[in-house]
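To keep things simple, chains are lettered A, B, C and D as they appear, and every chain counts its residues starting from 1.
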Amino acid sequence: MTQVIVLNGGSSSGKSGIVRCLQAVLPDPWLALGTDTLVEAMPASMQTSDGGIAFAPDGGVTVGPEFRALEAAWLEGVAAMARAGARIVVDEVFLGGADSQRRWQKVLGDLRVLWVGVRCDAAVAAGREVARGDRIIGMAASQAEVVHRGVAYDLEVDTAHAESMECARTIAAHVV
Amino acid sequence: MTQVIVLNGGSSSGKSGIVRCLQAVLPDPWLALGTDTLVEAMPASMQTSDGGIAFAPDGGVTVGPEFRALEAAWLEGVAAMARAGARIVVDEVFLGGADSQRRWQKVLGDLRVLWVGVRCDAAVAAGREVARGDRIIGMAASQAEVVHRGVAYDLEVDTAHAESMECARTIAAHVV
Amino acid sequence: MTQVIVLNGGSSSGKSGIVRCLQAVLPDPWLALGTDTLVEAMPASMQTSDGGIAFAPDGGVTVGPEFRALEAAWLEGVAAMARAGARIVVDEVFLGGADSQRRWQKVLGDLRVLWVGVRCDAAVAAGREVARGDRIIGMAASQAEVVHRGVAYDLEVDTAHAESMECARTIAAHVV
Amino acid sequence: MTQVIVLNGGSSSGKSGIVRCLQAVLPDPWLALGTDTLVEAMPASMQTSDGGIAFAPDGGVTVGPEFRALEAAWLEGVAAMARAGARIVVDEVFLGGADSQRRWQKVLGDLRVLWVGVRCDAAVAAGREVARGDRIIGMAASQAEVVHRGVAYDLEVDTAHAESMECARTIAAHVV
């Protein structure tokens, strides 16, 4: 039985929409957690501290040791939730590509995980970033390719060519 | 010179995204106002009052005389803003089809208006409604066709077949 | 009959809470509009443009000619809504003190207006700004006094010493 | 060293504001997680399912076995985050009073926990509920007393008589 679904994709690639559709089409209730949940749970000062997370005006995102320390504990906790029986969809942005995936692989251990790449052409994602109106312009383009570097997936979906609901149904078909 | 752009389409047809892209691509600053702005400006009690606005669990929306009275004044005010020199994009849901358009035509009078229909296949809009996660399920499907009944447009865009940014560029090309 | 209630106070002084309580306690439905509605209606670019509105990291807010031009039309429109029969609560931050009030007085003309000052001790407002978590730290303290300079009120309320609901009842008692 | 702070109080008692102030005044970065985070992570269908969580129009909240199952795993995960080194502020509504506390005590085990009761007079909380504008009217009054039944605290704060920041400083003084 699949215990965790990890969706990885750049900002504005459409992950959150897929997650909500997945929660609607999967017969069991799944918890949706992700990078956004973590960032929101952190102190506001984390976004102005040197060791925290910094969003540059051009859309660049850098994270420091204080962020990494809380993130490491967060990952352990999400894995523990899955071990305790909750089925979890993780909505992630692998800024470090393969390194980011390894961090998750380490904590998820022997849990049954479905790795999903959420692709979206950089230009399309950049347009959607403008349409959303609540993101720093430039994040979508700068993350579109880099988050997938060296990452291994069980399947990939492409939101530039399929609706969120269609992507969700494709993913759901791989959930056992 | 175009003074007002009226976008009409059903819930989850993608109007708001187009509006934000329009504001980004049009060289002048345009104000974005719409049904959502008006509903938010009303008292919370308007959503529980008999004469107000009611959102049924199946996505049906009905409005009563109290809502209509405030809406009529709101329309006059938006027209006055345009007459005072602000260029305005109106994001609307013509629940009454041609009747709704007539209400706007009456207040806009001799202002130069670009009427834009925002189409989206009902099934696609229904999927996007699930993906958004903040709308009552059923609104998209129930409004997809009815809001366009008898409405005359200068141009129409279809968000099931073009990205918000592409639709915005098409519309912007008609703004003089 | 009172047609417009203008609430003026600094950021985090508690205006929005009073407005929602006012809408709940006043027997007629009143529209709530204000600076936040206007800023949200403007293009995102207005916040990066030289002539727009700038939020400094220390909480300072400056507005330029492009912002003023749209604001002037917005004021005309809000006044037109009131003339068309809507009763309106305006939630404002008079960054220019008496000058800001004059701009409103000019457009409101002979409408019956209730001017309300919303006071809140700078230190208390600064604490509430932290508690809200969605405002730039420093705005509350920098605006607490300056927005009231030279402004004439029909009544004043103080949210450091009374709950929003209590302030709303006090104001409602002055609405005729 | 305090590893977890659990704040318990009814809806609109002011917990979230205290949490943000705590995150600002505590020298280390603390993660803020709570009932709201959990409810948001659940599928939308959880709010319409028999075994999920139901918000009655009068403000009553009832939870069923499906909700409890995910919640149990969530609690285990939050405890695991604390064991992995993250310091965590939990923002909770003990609908079951002492029973709810026991559930947390069981998962927190030998972690060092500071139990904080957040009191707010029911009438004051009800007024703030109206002022917030985003909660079902009646939740505040119905939860104000019941959530504290049989619960043991290390300290209690009262937001009807002290600002969020002041409460946060009082709590921070007990964090070791």
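By our rule, a contact is a pair of C-beta atoms (placed from the backbone, for glycine too) under 8 Å apart; a residue touches a chain by one contact, two chains touch by 3 or more.
Treat the numbers as computed from the prediction; the structure is a model and nothing was measured.
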{"item": "Where chain B and chain D overlap in contact partners, by chain label", "value": "A, C"}
{"item": "Longest centre-to-centre distance from chain D, chain (CA-based)", "value": "B"}
{"item": "Whole-Å separation of chain centres (CA-atom averages), chain B against chain C", "value": "27"}
{"item": "Inter-centroid spacing, chain C versus chain A (mean Cα positions, whole Å)", "value": "39"}
{"item": "Distance between the centres, which are taken as Cα means, of chain D and chain C, whole angstrom", "value": "32"}
{"item": "Contacts with 2+ other chains: residues of chain B", "value": "20, 24, 44, 133"}
{"item": "List of chain B residues in touch with chain A within their complex", "value": "16-18, 20-21, 24, 124, 127-128, 130-133, 163-166"}
{"item": "In the complex with chain B, residue positions of chain C that touch it", "value": "20, 23-24, 29-33, 37-38, 41-46, 49, 52, 66, 69-70, 72-74, 76-86"}
